[in-house]
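First chain A sits with chain B, and in the next complex the same chain sits with chain C.
== the complex of A and B ==
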């Protein structure tokens, strides 16, 4: 039993160990390459432990954590995302004047928090994960604060995220307190039984759940809790933006879905109504505001708001359809979104560095003729975000459509189509900009040389987008097994 | 399998053309030519000697009525959702594939001297568009169909957005958004259809053969049918969804216009015949009068709008919408003559519109304007061009002896059986067509050459292209039975009304 416990917690243990090793190494030898290499190695090693964990699933590792196929899938996704971010960060910070080593320690702790979040089955673990992830992110966002010529407003972004995130945590905590006051339990899967015992759920419980949902919606940047997103995305260094857009969201989504499904909270009309409104508003507002953006990071920020809105359609539908199907759809869409966003930010990262960020729309003018490979990746990503066939994004959208039809959510599907139509406009605008003839040929020699680490991310993610789009059957089979958890 | 080959050859040829640009910018067009010729060879073999390709009945997949399909191939793709690769071609499909490959060759001819920049990527897009279109004409799995429906869209977007004229961003974006959004409505309809089939039969499948005859609750049937109709009517296009077409046509490079007018519009008509009507017979029966009315409005309204144009390409674009109105009318009459006429119009308009756009494009390439008031008296300067313009204009107007006449005549005949008023109103359209067509000839080719324009007459390549299209139209006009015989079994199996 104990040995199983250790095996099941292997990913978390390995991540913690890597954090300590990297911290000690950085204390004795300040070498960017060594620290980055150790980080990637440690992350990769903890990723690989899933082979050990897989045979002994599912397993409730203490009351707090539930390790099953579902959590393992998201943990793996999170760690892969962290590896990609580390690879993007190395060339990005290479010419950074200040110390870079601490960045990787923060990256590792944030990843630790995210993995805990993905596995959590208890409000305590939930809060613990959120805070470990959040506190690491504050520092990561403001990391280039001493570099005057880098990302424009790192400090503003960091403070903004700090204050709003703290507020969101406080709201979540209050919500948890209310739920606990009513039910007397904090374990997710104990909620249904406790609910039955407690009788008719009063407003205290509903408000508590809604406050927790609001806290989660902040991290997922759903409208109306999205205000921070564009500013923080723009102000943070590109690798951190990539991390925020992918890892932080995947972890939060994993735990939110588990909470909603395990606690049967979707049976309450108030909860589904709030989720419906947030989904519809995110799809419309995210897409509408993205149209105006001249900065690609802001554009992707708004587009991510819209995409999380699409995902919420699945969560709302979970009230009507089988849990298994909604878990499968959510995981696939999250996977697709994860890959697309990583690839998108990798492209921005490839032409940027901490010394100079090239993220304006005009910086992409003529990129197709200057660097065909790089802009082809971005075009594939944009088509994938728009849900065009041959890409992972299409299969994801297909899932959302089919689940929406099964749940008969005609209102949300209509909004989804309208939102996608607006979305097409700004994706095409960026594609068109890249297709324009370049202003001058030798405009930017840096754009011609892509660092090896970034190249690895670009190649892997592009292959993944196309592969999932053309032949999704194997991945779908994998995802179907996840639903055993519920 | 042969159909999958047809598509893959184009896909691979496209990639080859793109890569070859690095070694020599002249090479991509040669590769494109070889690719299309190879496809043409296969298509001709399929038409003439199917046995040589091993296309006998025993080799075909076991779906639908036996003997109905000349080629039918099926294999699994995404079993989770019952999605498979089902490619099939019957008489109608083969006719349209032939048209596609043939016009592919013509568009290549029109691009041969016109496209000088970034040739590799251009021919890549050209070939991929053709591949997407052939996919649309052969896919018999609804998911696969939708997949190709979108695949043909993206390369066309690039063709307009990169090699287009002064207002290309607007035109390309509009084209993309119109088609994509209506496509999404179709996707939604497909999914609802699949969902109802699942409730009925307990299996998830996207196969056309299984979905035929699905029971849809009456309240839903109309909306589901409408999703399909909107997608196809936007592509066709029919008023009021025609708005994207004049912009896309006038901004596209010549080869792009040729493919758009010649082939892409026909995918909409094909979709109506193959999917929208047979999948929802009851809902269609109730909707047919509205669709026929839209067809008649398209014919008359856009004919009038065409008459008001000064931009030559816009004018031809509007006449395309007008001719597609006949197709809509014939299809929704759903009688043998009506649908046969619609098919003939699709084929004949494919050739005549492609030729006219090639002429307009050729003129623009030579004198750098599309405005008709800046032209005049060009017959003296370019007599071959004048002759071709006259020939294809009278063909488009519906001169007996040429394909368009057969098509529109049959449509009127078929529609007459269903609605005398609609047929009568549509017939007026043929008169208006003569007016706007002759005005083009008068303004552009007759009269004094007041602007002192000098231009090179048609090149050999262009003459070959026009010659091939002339032969095609004459064949359709003089021996239409050869094509009617091919499409008849298809139409019978789709449930078109045949009168003795």
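== the complex of A and C ==
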């Protein structure tokens, strides 16, 4: 029993241990390469423990955490994302004048928070995860604060994220308090039984749930809680932006979906109505805002708002279709979005460094002629984001579509189509910019050699995008097993 | 050897791949060896496969390479089908094609795009072979479009001259009109017979369709549309003379010997359908007759050596259509083959003359060349007599068969026969006009023969075939319904032999003896008008320009600020406008951000509670 508990918590334990090791190492020997290497090694080791965990699933590790196929999939995704970010961070911070070692500690704690979030089955674990992740992120976003030439406003971005996150946490907490006041329970899967015992749910309970959803929506940057996204994405160093866009989103989505499905909250019209509004608004507003955007990080921020909106279509549909199907679709889309975003930010990071970030659209002018490989990756990523066939993004969108049709969400599907059409414009605009003749070749940062770490991320993610787009069957089979959790 | 028969279309394709992937960096010698050699090899395999096919004494043989498309019940194989007709076509394409390729290695030597030329030629041969060997409609259509593409590429081969590009586009667009009809026809055939396999479709159609029914008429008319486009028959014949802009070997290969016969092949391949729609079948004959006469008159007035030959091609394919119209399927294929021999010979010899005259193509600037160009003279004469169908040449046998069948045809055959015989007279007149003008009369320009084994060698082979090709027996009895042997009475035979002779005599009188002052006749009054009318191929180009091009241009002009575009521009403007409004919300001010979160929450909770 206890041995199973230890095995099931192995990933979390390994992450914590790595954090401590890295912290101690950094205290004794300040060596960027060593610390980064240790971090990647530790992350990889904790990723590999899933082989141990897999046979003893599912397992409720205390009341707080639920380790099952579903949580394991998302924690693996999170750790892979963290490895990729560490690989991007090393060359990025190499020329950074201040001390870099702490960044990796923050990265590890943030990842720890994200994994906790993905496993949480209880409001306490939920809050713990959110805060571990959040507090690490504040520091990570503002990490290059002393570097005046780097990302333009790291401090501003950090402060904005801090204050607004605090606001969102307050809303979430209030919501949790209201739900607890009504039901007297904090475990996700205990909610349905408690509801039955409590009788007809009053506005207090509904408002409570809505406030929790709003808190989650903030982290997922769904409209109308999206406003922080572009500023923070733009202000943060590229690897951190990549982290925000992928790991933070995946963890939050995992817990939100579990909460909604385990608590049967989708049975309430109020919840589905609010989710529908948020989904529709995110798809429209996100895409509209991106149309004339001149900064690629902001562009990807807006596009992430739209993509999370697409994902919400599946969550809304979960009220009508089988849980298994919506979990499968959500996981696939999240996976696809995760890979595309990582690859996209990897490209930006390849031509940037902490000394100088090149994230303006004009910096990409003629990239195709200056660095064909890099721009080819970005083109594949953009095609995938736009949902062009033979890419992972297409399969993901197809999933959303078929589930939307099954759930008969005609309104949301119409919005989805309109949103995708607008989306195509700004993705193609970026491709068009890259195809323009370059202004000058001389001392061109993009012509420099791409660092090995970034190269690894680029190659892996590109292969993954195409592989999932051409031959998604094995991944779909894996994802079908996730639904056993519900 | 029959199992290797799939190599026949594949080898030219490999040749195409090699020539393309070397980006023209291959030395000319190797490019020539690959270009012509691949066709030669293909011809060799065709011979081997053909001989074992004939020895096996079977009616048809099909070979599936792989499944091409498989969706639900629909399965399209990459399958080749060999029977008597496709065998003859395969021989003509690879055999005549091989000779032309050899000739082209000489003709094109020194051209900077030598390798590109052979790449296109190989692709063309491959596509044409796929067309004739296709087992199903989809594969046939692929080959059909493939030859269209290659024709376009090759007509515009010398692309630096904008006029060549114009000619290529014209050919492409005109044939495209036919292709659209054909595609619809194929769809209709597929829907009504439920299969894409050609033989099965024929079988089902025969079992289910009523003779003269609407569906039979519609499908055959639509397929006829494709056929007249590719084979340059009325009303889509205007592109072929322009197609002469390409290098002469192309004119010989595509626009005389092979591609333009695709329409004839298509109709004979689907002859079962035409038997179910007798009216359309008769229409095929009428179209052939009118085209052959119109083209004959036009050929009489041209002064470009290649244009004369081009119109004579249009006219000869008219004969093939006439044959199809009277149900003489075998004769059509027979004439297709003999025509391939003598027309390839004529074109290639014309190419030699053009080479000798330093790319001069105007026949009035030639004259008296029989001493300077003895080879060309004799070869051209052989080609001409075969074209005119003097007795015992190859053209004689095939044309004789066609006219005899027309004469025997129950209703309306007599009319077609009359047209055909008149056409034979015209053929003699314009052919010998060309011959006399080029080789007799006053010498105005010096020319000297360009010699080389790859120039004269293929020509000699073709000349022999043009003379004795009529004795070749084509094994198509198993494919087509049996036709009784026709032996017209002596009176008709005399007319059919005598009229071409008369044509030659008149040509001799006019162009050698000068009995008739042509300049006076064609220079003024009605004669001049008629001359111009014929010269511009009966005003067809003018008519199309007025009826189709001008209104279209007018419409385009009128709709300059596209009505439909304005919808899209409008929606783009709406998006832009919304974007601008949305952008206003991104102020970058924290206090506004915080309050927006609060308001957002308020709105959502309100929605939630109200519901």
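Before moving on, here are some points about what is shown:
The rule is simple: the second predicted complex is superposed on the first by the 482 of 486 C-alpha atoms of A that agree within 3 Å, B and C clash if a C-alpha of one lies under 4 Å from a C-alpha of the other, contacts with A are read in each partner's own complex, and residues count from 1 in each chain.
By our rule, a residue touches a chain if its C-beta (ideal position, glycine included) is under 8 Å from a C-beta of that chain, and two chains touch if they have at least 3 such contacts.
Here the structure is a predicted model, which is why all the values come from computation and not from measurement.
Superimposing the complexes on chain A yields a three-chain arrangement in which chain B and chain C clash. Using the contact criterion defined above for the overlaid structures, shared-chain residue A:33 touches neither chain B nor chain C, since it reaches no partner. By the touch criterion defined above, A:420 lies against chain B but remains apart from chain C after alignment on the C-alpha atoms of chain A.
Look at A:278: by the touch rule set out above, it reaches chain C but stays clear of chain B.
Of the two partner chains placed by superposition, only chain C is touched by A:206; chain B is not. In the overlay built on the shared chain, the residue A:197 is in contact with neither chain B nor chain C.
Contact with chain C, but none with chain B, is seen for A:288 once the two complexes are overlaid on the shared chain. When the two structures are aligned on the shared chain, A:477 is found in touch with chain B, with no touch to chain C.
Of the stretches 220-228, 292-300 or 580-588 listed for chain C, only 220-228 runs into chain B once the two complexes are overlaid on chain A. Residues common to the contacts of chain A with chain B and with chain C across the two structures: 425. Note for the complex: chain B touches chain A at residues 77-81, 118, 143, 146-147, 150-151, 154, 157-158, 161-162, 169, 172-173, 176-177, 180-181, 184-185, 187-188, 191-192, 194-195. Put simply, chain C touches chain A in their complex at residues 575-576, 578-579, 582-583, 585-586, 588, 590, 592-594, 596-601, 603-605, 607-609, 611.
Of all residues in chain A, only 369, 383, 386, 388-390, 394, 398, 401-402, 405-406, 413, 417, 420-421, 424-425, 428-429, 431-432, 435, 471-473, 476-477, 480 touch chain B in the complex they form. Looking at the complex, you find that chain A touches chain C at residues 159-160, 163-164, 167-168, 171, 203, 206-207, 210-211, 214, 218, 223-225, 227-228, 230-231, 269-271, 273-274, 277-278, 285, 288-289, 291-292, 422, 425.
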